[in-house]
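By written order: A, B and C. Residues from 1 in each chain.
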Amino acid sequence: MTKVVIQVNQDGVDYFKRVTNNIINLKKNLGVKLIECEIVVFGAGLGLLQSEDDTIRKRIKEILAFDMRFVVCNNTLTNKNVDVNNLQCSVNQAGSGVAHLVTRQEEGWAYLAL
Amino acid sequence: MTKVVIQVNQDGVDYFKRVTNNIINLKKNLGVKLIECEIVVFGAGLGLLQSEDDTIRKRIKEILAFDMRFVVCNNTLTNKNVDVNNLQCSVNQAGSGVAHLVTRQEEGWAYLAL
Amino acid sequence: MTKVVIQVNQDGVDYFKRVTNNIINLKKNLGVKLIECEIVVFGAGLGLLQSEDDTIRKRIKEILAFDMRFVVCNNTLTNKNVDVNNLQCSVNQAGSGVAHLVTRQEEGWAYLAL
């Protein structure tokens, strides 16, 4: 039973397309074996959840439909003065994105920095 | 006894030189303690195995001589319409590069995203 | 009890500011639970410890005050012909930065490639 935590901390449409594509392929390949997957968004990566790009918005919906979760760093929301309700989708929150990545690894989750 | 899975998913001669140098230094430092090492190539990273650059080609040969393996993502080969027989060296294949990175971590391998 | 090894292998003031900020936030979030943290500097990442930027120098001091350690790759020092005594702070040394990242993961430390 596989659990994965994925880091999204960079900016740019090409990066967001690449990472969302990787995430969807991960789920398609592992199927039901992938029981938990969190995409941890922090720093410049917040742009993923603010993007107006059609491909990215469609892939975010697809990722949510696969029961994967977005987890947003509260430090980032505060620093960028962004209201969590103004993101493209509902998300979970963590005090610190990097601390969340570390905690999940301690719990035995695999880690991807794509 | 160390097992390592290394991600190669970006493009560019400088990146390929840097990563191959890191891989060779890893082996030189760990020696026989490094019993398994797979370099997982996907997305733009496929260019590593198509490069005509002399330094890169020489380092690929050196890596293979160290009994490290290249593992190529089948999704990437399909999307880029590349025949695995046209790469610079013989490789192993995985259905999904990212899924392979996750599976190896579950099996206790260390992970590097260089 | 959390142990974390963090990779610093790229160049640029923006990158160094981002990574040092991430490291400080990690400590602030985990607090005493974070009992060991090593920042492994190699390749172009060496510039972090040579930077004259005030923000970066201040953050390096803050990181050291938190009892986190910088570990510098000896291969990098040799290749760049840099004397370890000319860096911005005292550091630990490892034969190979990438090998050190792998060894720490084997010992159960979490890994971050930010």
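We take it that contacts are C-beta pairs under 8 Å (C-beta built on N, C-alpha and C of every residue); 3 or more make two chains touch, one makes a residue touch a chain.
Since the structure is predicted, the reported quantities are computational estimates derived from the model, not experimental observations.
In the contact between chain A and chain C, the residue numbers used by both copies make up under half of all numbers at that interface.
When the CA atoms of chain B are superposed on chain C, the rotation angle comes to 120 degrees (nearest 5). Rounded to a whole number, the gap between the C-alpha centres of chain A and chain C is 25 angstrom. Counting only residues that touch two or more partner chains, chain C has 111, 113. Of all residues in chain A, only 7, 9, 42-44, 75, 95-96, 98-99, 101-103, 105-106, 111, 113 touch chain C in the complex they form.
Listed in rising order, the residues of chain B touching chain C in the complex are 2, 4, 18, 22-23, 25-26, 28-30, 110-114.
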